[in-house]
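Multiple structures follow.
Two complexes, one shared chain (subunit A), two partners (subunit B, subunit C).
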Partner chain A sequence: MELFLQFISNTGFFLAEYRNFVMIGIGSLFVYLAIAKEYEPLLLLPIGFGVLIGNIPFFKGFGLGIYEQNSVLHYLYFGVTTGVYPSIVFLGLGAMTDFSSLLARPKLMLLGAAAQTGIWATLLSAMALGFTSKEAASIAIIGGADGPTSIFLTAKLAPHLIGPIAIAAYSYMALIPIIQPPIMRLLTSREERLIRMPEPRPVSKKEVMIFPVVGLFLCCFLAPASIPLLGPFFFGNIMKESGVVDRLANTARTAVIDTATIFLGLTVGASTQGDVFLNAKSVGIFLLGAVAFSIATASGVIFAKIMNLFMKEKINPLLGAAGVSAVPGSAREVHLVGLKEDPTNFLLMHAMACNSSGVIGSAVCAGILWSFMM
Partner chain B sequence: MYGLEAISANNGWAMAITGPLIVMSGLTILALIISQLHKIVAIFDKKPDSATQSAVEDKISVPKILPDNILETADIYQALIDKLEQPFELKALYRIAEQNDFPHPILTVGRFRVAGILVPEGEGLFVWKR
Partner chain C sequence: MSIDAHILKPLDFFADFNQQELEECAAALKPRTVKAGEIIIKRGTPALTFFIILSGTYEVDFEKDRSIVLEKKGEVMGWSTVVHPFHYIGTVKASVEGEVLEISSRDFFELIQGDNALGEKIMKKIDAIASERRTIAAGSQ
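Take a look at the complex of A and B:
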């Protein structure tokens, strides 16, 4: 009987507390949204299931939890805390990205820079709310709308916040269809949304091959702290564009990035143990994340409108919203909002140019923030 | 510490001004470089060889502005379609249209699809029904 009672006292049913159930509810919601609504399933399913795994109560000291030394989850989490997974994700991302639309219309790169304003505005807000400068920088990068970049910078500056920041970043990326369109409509007139973008010029093979080299040198000389992200990113891209290592490029954009995404999502989800995750700081991070993402979207659109004041050939200001680096979600949303106004106005290709510029912009911002904190 | 005092103590104002300036100037320089990249590449490119030369000579002449009537536009495109084997992929049509400097091929092909002149045959292949 004593053995039975001892066993019972070690079960999850006995050890559970309300915070575990709250988190299990959140994890279940993520899994539901991924499967039933197909909201960013590649992100929400691993994270949601990770939240479920991480919030099963267990007997401390058995080496089971993600924060316990020598546990399997702890070893898998190593890739997050050291920034290994984000770098691998960037390698695959580079091997997927086609820069030709950006090369055909380089002005759109400025929208990728402008949309990073959300990061800097949130940095100030987080500091004002009492977060330390390192915590504020980690929270601010959510405004870049780039999950791997957020995780990478947080792992370097405020590792204790990886869980809430990663969850906030990925949640807002999944909520792009809900967050971005109202901001886009609010800041643009119908006439502006109807602006047609001229067809881009054809881009030569040599240009797309030279770009990763030029981009690497310029961005990484400017912000060397962005090397762990932009180095693999441009390497992946040159593998794709050179065409001489198709096998490697193909592996990078399929098996490699998929493996990293699985373990990144699962372990980030599992790191949200109720007792660690549910506190006032996490609530603050979620609120600031929403502010960061909204300011980023708005600043991209407003900057596009400002550019139109000086340019003969107007650009559709909706494209500014794709300056955040949520690839390809925000580009797709810009395209859909444009299509609602005019079903023959195809903005996707142009929005992808802003989106890929946003990826570079947010990684450079991460590098700058990191170097500011050194 | 909270509010403006916390921002000042953490050097936040300087970061929030310097950071975006660095990002904007970095990406502006990158944009400037890539806007000139095609000119630099053209300088280093060799002169067109005889095969390229003959391809240029084989170009189909096309008006700068295509007619509003989709059937008249289809007549102009017929010369391109004759060069393709049916059924064909849309990217092949785009490529050949771009090589011959046809204006706005993506929009035009979209109009052909709406007008039922380009009909999908499945598996990404299309046939020209004119």
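Take a look at the complex of A and C:
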């Protein structure tokens, strides 16, 4: 009988508390959305299942939990806390991104830079709300709408916040279709949304091959702390564009990035143990994340409108919303909002230019924040 | 499982694509066998997959009992995966067993991310098809 009671007391049913069930509910919702609605399944399924794994109650000290030394999950989580997975994801991203539309119209790069305003505005807001400067910087980077960059910076500055920040960043990336279109419509008139972009000029093979080298030097000399992200990113891109290592480029943009995404999603999900995750700080992070992301979207659109005051050839201001680095999600939303006004106005290629510059912009911002806060 | 680029070359949709573009498309498209009677697209549901016919006969039913039959190799189905209204406007049922090539909207946007110019080329082709199908669905033909 005593053994039986001991067994019972060691089961998850006995050890569970309400926070486990709340998190299991959230994890189940993510899994449901991924499978039943096919809503961002590549992100939501690993994260959602990770949340389920991380919130099964267990007897502390058995080396089972993600925060317990020597547990399997802890070893897998090492790739998050050291920033290894984000670097690998960036390698794959570089190997799958075409910068030709950006090179065809380099001025669109400014929109990618303008959208980073959300990061700096949120940094100040979070500090004003009582977060430490390192925590504030980690929260602010959510405005870049780049999950791997958010995880990378948080791992360096405020590792205790990785769970909520990663979940917030990925949630807002998944919520792009809900958050961005109303902001785009609110800040633009119908006439502005109807602006047609001219055909981009042809870009030579030589230009796309030189870009990763020039980009690497420009960005990493400006913010050397962005090397762990942008180094692999531009390396991935030169593998793609050079055409001499197609096999490697193909592996980087498929097997390599997929493997990193699996472990990144699963362990980030598992890091949301109810007792660590469900607190007032997490709520604050979610609210500030939404603010950061909204400001980023709005500032890109507003900056495009400001550019139009000085430019002879007008830019469709919707493109500014693609200055956040959620590739290709925000470019797709810009395209869709544009198409709703005029079914023959194709903004996708132009939005991709802003979107890819947003990836670089948020990584540079992360590098600058890291250098400042260390 | 991806397909060989030479499968795409004879299809109208890819007639003006160069070899590199064909290879990129071939890497993204996946073959799928469709059974007789199988419904591959359901009207009103979110458009998540785009199809290209390789063989078979497909009946497309729009609202108000309007319908068309697609059986020509290279014809496309599920164009609203990438253009407005982003949900299927017709139900597609295979009359006989056939084979299609499919690509999800996510893979399609990744294809665009990897080659902007190719993406634009495909988008414009799909837009032309969409206009035609919208007209049929609305009953103007």
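Observations on the model:
As a convention for this text, the second predicted complex is superposed on the first by the 374 of 374 C-alpha atoms of A that agree within 3 Å, B and C clash if a C-alpha of one lies under 4 Å from a C-alpha of the other, contacts with A are read in each partner's own complex, and residues count from 1 in each chain.
One rule holds in what follows: contacts are C-beta pairs under 8 Å (C-beta built on N, C-alpha and C of every residue); 3 or more make two chains touch, one makes a residue touch a chain.
Keep in mind that this is a model prediction, so the values were computed, not measured.
Annotation: superposed three-chain arrangement on subunit A; subunit B versus subunit C shows a clash. Look at A:Leu336: by the touch rule set out above, it reaches subunit C but stays clear of subunit B. Which of subunit B and subunit C touches more residues of subunit A: that partner is B. In the superposition on chain A, A:Ala114 makes contact with subunit B only, while subunit C stays out of contact range.
In the superposition on chain A, contact is made by A:Gly130 with subunit B only, not with subunit C.
By the touch criterion defined above, A:Leu348 reaches subunit C but does not reach subunit B. By the document's definition of touching, neither partner reaches A:Met311: not subunit B, not subunit C.
In the superposition on chain A, A:Leu222 makes contact with subunit B only, while subunit C stays out of contact range.
By the touch criterion defined above, A:Ser357 lies against subunit B but remains apart from subunit C after alignment on the C-alpha atoms of chain A. Taken together, the two complexes place residues 344, 346 of subunit A in contact with subunit B and also with subunit C.
Contact residues on subunit A toward subunit B in their complex (touch as defined above): 102-103, 106-107, 109-110, 112-114, 116-117, 119-121, 123-124, 127-130, 132-133, 136, 199, 201-204, 206-207, 210-211, 214-215, 218-219, 222-223, 344, 346, 357, 360-361, 364-365, 368-369, 372. Per the touch definition, subunit B reaches subunit A in the complex via residues 1-4, 6-7, 10-13, 15-16, 19-20, 22-24, 26-35, 37-38, 41, 45, 98, 103-107, 110. By the touch criterion given at the top, residues 46, 48, 83-84, 86, 106, 109-110, 112-117, 119-120, 123-124, 127, 130-131 of subunit C touch subunit A in their complex. Interface residues of subunit A facing subunit C in the complex, by the touch rule stated above, are 37-38, 42, 96-98, 100-101, 240, 253, 327-328, 331-332, 336, 339-340, 343-344, 346, 348-349, 352-353.
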